[in-house]
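Shown next, in structure tokens, is the structure this report addresses.
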Amino acid sequence: MKVFSTTFTLSTDERTEITDITKLVRDAVQQFPVQTGIALINTMHTTCALFINEFQAALIADLKALIERLVPERGGYKHNDPRYSDCERGNADAHLRAALLGRNIAVGVKDGELALGRFQSIIFAELDGPRARSLRIQIFGVS
Amino acid sequence: MKVFSTTFTLSTDERTEITDITKLVRDAVQQFPVQTGIALINTMHTTCALFINEFQAALIADLKALIERLVPERGGYKHNDPRYSDCERGNADAHLRAALLGRNIAVGVKDGELALGRFQSIIFAELDGPRARSLRIQIFGVS
Amino acid sequence: MKVFSTTFTLSTDERTEITDITKLVRDAVQQFPVQTGIALINTMHTTCALFINEFQAALIADLKALIERLVPERGGYKHNDPRYSDCERGNADAHLRAALLGRNIAVGVKDGELALGRFQSIIFAELDGPRARSLRIQIFGVS
């Protein structure tokens, strides 16, 4: 069994920006000589998220509405209050939304390809952009 | 180190149906000659969830009430609105509930058995049934 | 490729107690001769959580407020009601909060160290303490 890893950077343009990165991960996986294994993808940040779902514009709009309803951008957060925090970004909502959505996914590799279901996309959610973000992909398996 | 995988199908009867699949996963793990390693379980779908918790009828009722409160079945979703979406199932709630609950678990394998705590069950949540659902189990480790 | 595992116990003092365990995990990883691989950390319980985020006092206060708002301690839960449940701890909120926050993390190991981003801490959330809690760390990789 072998292990490979690669890092890449995503640049985002909006504060909240939800992107389908399936192709990017798929291409990274195909670079490595693993036929059967697992791909692990991590963000290296605390204010963005990674998860698997269907990537459809209307559903993404619903997801944005959901996170704004559950964790409003302006929620009287201590992390955004100079009396309690030296954070200058005022991004408590982004941290809390990331805690609900997750920041790490693991997907099987089968016949050298990501083993995703028909409607499954790997989705990256920038929650405090615009920023440059690093993702790390690791691939474990046998060739 | 070796890697094994197997896929199985669950048929669900209700729209929202929460099932203890610990035995099914345990039996799958025992088929393979791994003494020490990890079992990774993924759903191949975007409207069901996998997680670990205590499986107790009253708690499952509480969980159903929670997801209905946080993500109501009827929430004015764009994904369910033909002006914005060609989805015919009207299942935005199921996608969003899955995003909160997760769809992937990783459990250790120790002495050839799943390393679960006393009250830990592996729980599958159908959120848009009835459907036939595929789960994929991968086991990595040494014999 | 090799696999190593170790278990350790955390004792908590409060009902809800959120702790930075990065150093503890980092030290555990360094014990083992893995240069490139993955560390998987699981709680063995159903009423505590593990996740990665920034560990800052004001943000932790915001996180506690968020989980109390989304999943109130007193929420009329069946799991806490002797008519439906024999649970004596009345801890439905802790189970449900754990379901939202997650109980399992996977982090890369690179050059023998946890591959964490600058602001990423590994955070343990006791949700039904005080208790003694077991965590299991597994490390897979090559030396």
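A, B and C are the chain letters, set down in written order, and residue numbers restart from 1 in every chain.
Note that a residue touches a chain if its C-beta (ideal position, glycine included) is under 8 Å from a C-beta of that chain, and two chains touch if they have at least 3 such contacts.
Values in this document were obtained by computation on a predicted structure and should not be read as measured data.
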Notebook entry, point to check: So subunit A and subunit B: same face meeting same face, with over half the numbers shared, or different?
Noted result: different
Checklist line | Turning angle required so that subunit B lies on subunit C, C-alpha fit (0 to 180°, nearest 5) | finding: 120
Margin query: Can you work out the whole-Å distance between the CA centroids of subunit A and subunit B?
Written below: 20
Next item on the list: Name the residues of subunit C that each touch 2 or more other chains.
Entry: 1, 70, 100, 102, 106, 140
Notebook entry, point to check: Hey, which residues of subunit B end up touching subunit C in the complex?
Noted result: 1, 36-38, 51-54, 56-59, 61-63, 66, 70, 100-102, 105-108, 110, 115-120, 140-142
Next item on the list: Provide the residue numbers of subunit C that touch subunit B in the complex, in ascending order.
Entry: 1-3, 5, 40, 42-46, 70-71, 75, 77-79, 81, 84-85, 87, 92, 95-96, 98-100, 102-104, 106, 134, 136, 138, 140
